[in-house]
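Following this line, the structures themselves.
Look at the two complexes coming up: chain A is in both, with chain B in one and chain C in the other.
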Partner chain A sequence: MDPFRLVTLAVFLPFLLAATVPAVEKLIKHRIGWFASLVAFISFLLIINVVPLVIQGESFKASVEWLPSMGIEYSIYVDGLSILFGIIITVIGIIIMSYSNGYMSRKEDLPRYYQWLLLFMGSMLGLVFSANTIMMFIFWELTSITSFMLIGYWRNRPESVYGATKSLLVTASGGLFMLAGFIVLRSITGTFDITTILQNDTLIKTVHSHEFFLAALVLIFIGAASKSAQGPFYIWLPNAMEAPTPVSAFLHSATMVKAGIYLVARVHPIFSGTEAWFILVSGTGIITMLVAGFLAFRQTDIKALLAYSTISQLAYIMTMYGYTTYHQPGIGVAAATFHLLNHATFKACLFLVAGIVAHEAATRDITKLGGLRHEMPVTFIIASIGALSMAGVPPFNGFLSKEMFYESSIEMGHALGSPFTFIIPALAVAGGVFTFAYSIKFITAIFFGKRPEKGIPSHIHDPSVIMILPAAFLAGLIILFGLVPSIVVQNLVEPTASSIMMETQHLHVKMWHGFTSSLMMTLVTFMLGILIYTKYESIAEWQNSFNRKYPFISVNYVYDGLVNNARNTLKRFASFMQPGPVKAYVLALLVLTIILFAIPFLKLSTDLAPTLNFNLEPYEVLVLFFMIVAAVGAAVLPKYLQAVISLSALGYLVGLLFIYLSAPDLALTQVLVETLTTIIFVLAIVKIPQTFKEHISPSQFMKDALISVAIASVVFILLLSATQGIVSPFESLSYYFIENALPLAGGHNIVNVIIVDFRGYDTLGEIAVMCLAALGVYNLIHSRGESQ
Partner chain B sequence: MTTVITKMITRICLPLVILFSISLLLAGHNNPGGGFIGGVMFVAVIALSYVVYGLETIKSSFNPNWGKWFGFGLFLAAFTAFAAIPFGHNFFRSAVEFLHIPLIGEVELVSAALFDTGVYFVVIGSLLSIFEMVGEDK
Partner chain C sequence: MNNTLLSLTISILFGIGTFLILRRDIVKVIIGLSILSHAVNLLIVSVGAFSGKDVPIITHDEVASTNTIFIDSLINGIFAPMLNGTNPTQYVDPLVQALVLTAIVISLATTAMIIILAYRIHEEYGTTDIHKLKRLWG
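For the complex of A and B:
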């Protein structure tokens, strides 16, 4: 199969099979998790097939048209970067979905859980393989939505709802900034297709010198930062920890939060090499790395601690992507890519451990845990491997990429010159020190110290194989990548770095490379890290007291204020816009319609006198006469029921007219819809008073009559102009449909062919609206019940 | 409204009208009909039985989850729209195939018919769930 079909299937299969999950669940019950893992495995196999192409240093792009007139296509781009992400997503996906079989209780709503996991996996794969920025944006927002559903999985818990809403607000609105950035980029380059820009040096130069360069860069970077929890946007990630732990491991450490990193890497060739790029990307990265690393000390929830460490680790990667500006080519990009891969392994592993601990000890609170190393020896070993790798201790993979981070920081410092020669490596070490301290804390808090008497179950043991194996597998990867880095470096990291830099990259990674300055920095990190670790409690205590004293120095304080303000403002706006009686809304709509149509007609009708041409058959006159009678009846009859029956009589007569005009489809639809509306009307009016009790004053009556006559005249003139040619005639589309219905769509019924084929897209939108209307009615009826 | 005559007529009509609605759906591509009309026809006869026998009576013996119907319909329609992409064709590209089956004769297979079936299910599901909710609402 060609790469296009392989990748498309890998993206589409999770979506397709997610829909079948409820049906499969009926067959295999709680084993549904294995079905989900199988889907991830199939996607993995499909993607693996494309890897040889990428190792040879080639890239591949193919597309089919979607909205050709706007340059929007469904297009697939396969290069090192997308393959690296594709493999991370599917491999971690397989691990997480297998692990969930042990983690999720059988009493939970399992189909919903696995459905959203699969949908997320599909969206994430779609995102990384997109070549068209609009398609990228759609998948980007899909990952935000699926993440929202998964964070809020336990929908009855207010913390889950708060966390889910926060993540959606931050990441989805960040996505809108990104969309704006893409549109600016299009106005500069004239294309939504990112590969066209990447492969065209003159186009990139145009972007660099364009006056909107900064706007495009900042907008796109806001999108990336919000998704990857960088800068002030970090606030959503700690609250996202309300999700089930496998979800946190999958979305909020290994894949979704890396979407921002992916975006930065994807647009790297377009924007890098400029001062703005360095300041924005590396600047945000360094600040986030330090602040998040520091704030991690305060956390007592092990998942929150891991969340802050994720923010800080992502900031490392971000920082390194920014380094390329002053030091071309540098090892920054390759190091960042390697660290990205390593972070996916050790952080997912640590989250799985956190899940095991929470599952067995029934708490995630550091203060309630301790001394579990004898009871959970296997978990202890796995956790130590993960945490030491994060701390940058040899011989694990984290050590290698941390070394490279230091090395690139030194290079960067040299390139910038004094005083940055010292400052940048020092900041890097500071980040490493924090990481070291909280990594050690993660192990000691859970596995060392005194075992608490109360608060945790008396018998705690290692979990079942289903939960231990995925974590052990990741721990195995950590050691493997640490000892034999060339496996991944040659096959994944180098192709990725080459595709980010747009030139071939070679990287030599070794555990021992002599007494280099980066090794010195690592040693300094360890010493300072141990020092800081001994002060861990007092630093946390100082942070807590600072927070109590100045609660307003916090991004969360600003976020909560903004959201509450928005809520109150919208409440006021809603009560202003929707004052009450339905009549007011109808009035507003009608008056607006009159004004909108009357203005152009008043201008038109001055010199164009209609040549009225009524050729009516006698039976048509008869039908029209009855229609008038029915219409008058609907207006004047005193009881609701009579008025409604009169109105439906009018509808049936219209259907009759359609038959005379030889439109059987239309007539059939009209009669059926009329029947249904009548029944719904009748259902509704049995619940309200049967007569119009409201007294209408003469002045009110005059006003109503005036508006009715006005709207009737507008509709009358509109119809006249459409049928009698007041408005200058334009070429009718119907001939096209009549001629092409059979040859192009193979149908004799032109009306139907238009609905399902020529205008199929419209129809899809319309039926989606019907579904939304049904859901809206459901919400209206049920939310009213709740408030009472 | 619920006289013996209406009850009897409803009982006789129900299967016939449902069959007719399916035939409208299938005939749609070449003759008057289609997913929308077929769907509304189906809704009308179910609504008739609700009105004649009462919502509770019907639901005690026949109570599908209409929400699932429109979900399925929307999925089917979207699926046919996207299905062309893995084959390297444009979004919404339709396929026509003529099959020759012995005894029955020429049968036309159109991917658009699958789309129309999606429309059929959405119309039935959304209208009947609205209908049911409004009817049950106190």
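For the complex of A and C:
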């Protein structure tokens, strides 16, 4: 198969099979998780097939027209970057869905869980393989929606709902900014297709010199930052930790939060090499890295700690993608790409460990945990590998990419010149120091120290193989990538970096490369990190007291204020628009009707001098008089039965009137229908005892009477004007029916011919309405059995 | 040409119906809706496009010609004279009758539905006062 079909299949297979999950669940019960991981595995195999093409340094693009007039098409772009993400998504997907078999209780709503996981995986794959920006946007928002559903998986927990809403508000609205950015980009380049721009140097130069350059860059970057929890948008990620832990490991550390990174890497060739790119991307990255790393200290929930560390680590990657100068547009690209891959391994591993600890010890609070290394030795080893890799300790993969981070920081500092030669590496080291400190805290808080007497179960042990194996597999990858980096560097990182830089890249990644300045920086990091670690508690305490003193210095404070404000405003709006009494709505409609009729009457009043016509036979006048009497009787008679009889009299009089109006069919129907209505009415009314007697106050009566008189006047004027020589803009269809009733339909009664012949489908619809009404009546009567 | 007394009667029916649907007693509201639907039916029938008097039933076998030019073009049809000849049709407008015929039957369906609804509301809540049904009030 060609790459286009392979990738299309890999993207849409999860969507298709997600639909079958409930049916499969009926067959294999709680083993449904294995079905889901099988789907992920098939997608993985499909994507692996394309890898040889990419290792050769080629890229591939194919498309199918969708909305050609708008330049929107379904198009797949396969290059190193998309393949790297495709592999991360599917591999972590397999691991997570297998792990979920042990983590999720069998009592949970498993089909819903796996369905949304599969839908997410499909959307994420679609996102990274999209060449068309509109298609990318659609998949982008799909990932936000699936993430929303997964964070809010436990629907009855208020924290879950809060976290889900927050993540949706931040990431989905960020996506709208991104869409606006894509549209600006299209207005500059004339295409929604990103590969067209990438492969055209003059087009990129046009973008750089265009007056909307900054607008496009900022809008797209807001999208990326909101998704990757950078800058002020970080707030949604810690609350997203209310999701089941496998979801956090999958979406909120390894894949979805990297969509923003992906976007930055994807548009890197278009925007990089400019000051704005460096200031925006690296600037946001550095600030986020430091602030999030620092804020991690006061977290007592292990998952929250990991969330802040994820924000900080994503900021590393963002910073490195932002390192750019005019001559060297991508100083940190290779390092960023490698760190992205490494972060996916060690962070997912740590989340799985957090899930194991929460599952076995029934708490995620580090103040209640401690000393578990004897009871959970395997988990302890895996956690140590993950955390040390995150801290940048050799011989794990985190060390390698951390070194590369320092190297590229030095390079960037040199490129900018004094005083940045010192400042940028120093900031990078500061970020590393925080990382080191909280990574060590992660291990010591759970596995060292004194085991608490209370609060955790008395017997804690390593979990089942189902849960330990996925984590162990990731730990194995961490060591493998650390010891033999060439495997991934040559096969994945180099092609990815090449595809971002649009030229072939060669990397030499080794564990030992002499006493370089980056190694010195690493050593400084370790020393300062240990120093900070000894002050860990007091720093956390200081942060807490600061937060108590100044609660308003916080992005969350602003977010809550905005959201609550919006909620209250809408609540007021809703209670104004929906006051409740039906009368209010009816009144609004009636007043609107009066206004809508009154305006044209007033405008046309000069042209319409009504001619009055009192030419009636005496018996007709009598019928009209009795009609009014009957209507008044139906309105004022106090007993229901009397009123209904009076209403029925009105109905028969209307039938009589139809005869005078030369409408025999109507008269016949009216009499039959009135008989039926009266029977139904009486049958129902005798069962309703008349307990309620409405008291109408004089002012109320005046108001309602005024409205009624206004309506009556409007109708009267309408009727007087109706035949006063207004030439209708169209011919009346009636002529057609009169002329053709006999020749076309062979019927003499024109009304009947219209009903059953010319407009036969309308009559069919009418019969359907009757059937539905009959069903409705039947069900209304029978529905009472359940409540009693 | 419309008869003024008929028009007056129809508008009075409208007024009474409007007053009734503003009531709190659900049975009265239903009665009001019935009166309104009678009034609307009469209104439509009374504003037919023709001034003929005969029942729209063709009594002889030849085709009744209306001397009308049918112009299907929107551009030419607008503001074009509806009738070619000076002799209008002998019939009343059959189209409005067909519309109202459908409306009468549909109103049977809706009336039956809401009557039973009122009956069920009385059973569930023990009242016919719509102000006591407050679950959806803002």
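Operating definition for what follows: the second predicted complex is superposed on the first by the 566 of 788 C-alpha atoms of A that agree within 3 Å, B and C clash if a C-alpha of one lies under 4 Å from a C-alpha of the other, contacts with A are read in each partner's own complex, and residues count from 1 in each chain.
Following the convention adopted for this analysis, contacts are C-beta pairs under 8 Å (C-beta built on N, C-alpha and C of every residue); 3 or more make two chains touch, one makes a residue touch a chain.
In this text, all values refer to a predicted model and were calculated from it rather than measured experimentally.
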- If you stack the two complexes on chain A, which partner ends up touching A:Leu676: first (chain B), second (chain C), both, or neither? both
- Which holds for A:Val777: it touches chain B only (first), chain C only (second), both, or neither? both
- Query: Any idea whether chain B or chain C touches more of chain A?
  - Reply: C
- Of the two partner chains, chain B (first) and chain C (second), which one does A:Gly760 touch, if any: first, second, both, or neither? first
- Message: For A:Val621, using the defined touch cut-off, is the partner it touches chain B, chain C, both, or neither? Pick first, second, both or neither.
- Response: second
- Message: Once chain A of both complexes is superposed, is A:Ala768 in touch with chain B (first), chain C (second), both, or neither?
- Response: first
- Message: Looking at A:Glu65 after the superposition, I want to know if it touches chain B, chain C, both of them or none. Which is it: first, second, both, neither?
- Response: first
- Message: Is A:Tyr74 touching anything from chain B or chain C once the two structures are fitted on A? First, second, both or neither.
- Response: first
- Message: According to the stated criteria, A:Ala588 is in contact with first (chain B), second (chain C), both, or neither; which is it?
- Response: neither
- Task: Figure out whether A:Leu657 sits in contact with chain B (first) or chain C (second), or with both, or with neither.
- Result: second
- Query: For chain A, which residues belong to both interfaces, chain B and chain C?
  - Reply: 664-665, 669, 673, 676, 680, 684, 687, 748-749, 751, 755, 763, 770, 773-774, 777, 781
- Query: Touching chain B in the complex: which residues of chain A?
  - Reply: 4-5, 8-9, 12, 16, 19, 62, 64-66, 74, 664-665, 668-669, 672-673, 675-676, 679-680, 682-684, 687, 745-749, 751-753, 755-757, 760-761, 763-764, 767-768, 770-771, 773-774, 777-778, 781
- So in the complex, which bits of chain B are touching chain A? 28-37, 40-41, 43-44, 47-48, 51, 66-67, 70-71, 73-75, 77-79, 81-82, 84-86, 88-92, 94, 96, 108, 110, 112-113, 115-116, 118-119, 122-123, 125-127, 129-131, 133-135, 137-138
- Message: Show me the residue ranges of chain C that touch chain A in the complex, using the header's touch definition.
- Response: 1-25, 27-29, 31-32, 34-35, 38-39, 41-43, 45-50, 53-59, 61, 63-66, 68, 70-71, 77-82, 89, 91-95, 97-98, 100-102, 104-113, 115-120, 122-124, 127-131, 134, 136-138
- Note on the structure: In their shared complex, chain C is touched by residues of chain A numbered 574-583, 586-587, 590, 611-616, 621, 624, 627-628, 631-632, 634-635, 640, 643-644, 647, 650-651, 654, 657-658, 661-666, 669-670, 673, 676-677, 680-681, 684-685, 687-688, 690-694, 696, 704-705, 707-709, 711-713, 715-716, 719-720, 722-723, 727-739, 741-743, 748-751, 754-755, 759, 762-763, 766, 769-770, 772-774, 776-777, 780-781, 783-784, 787
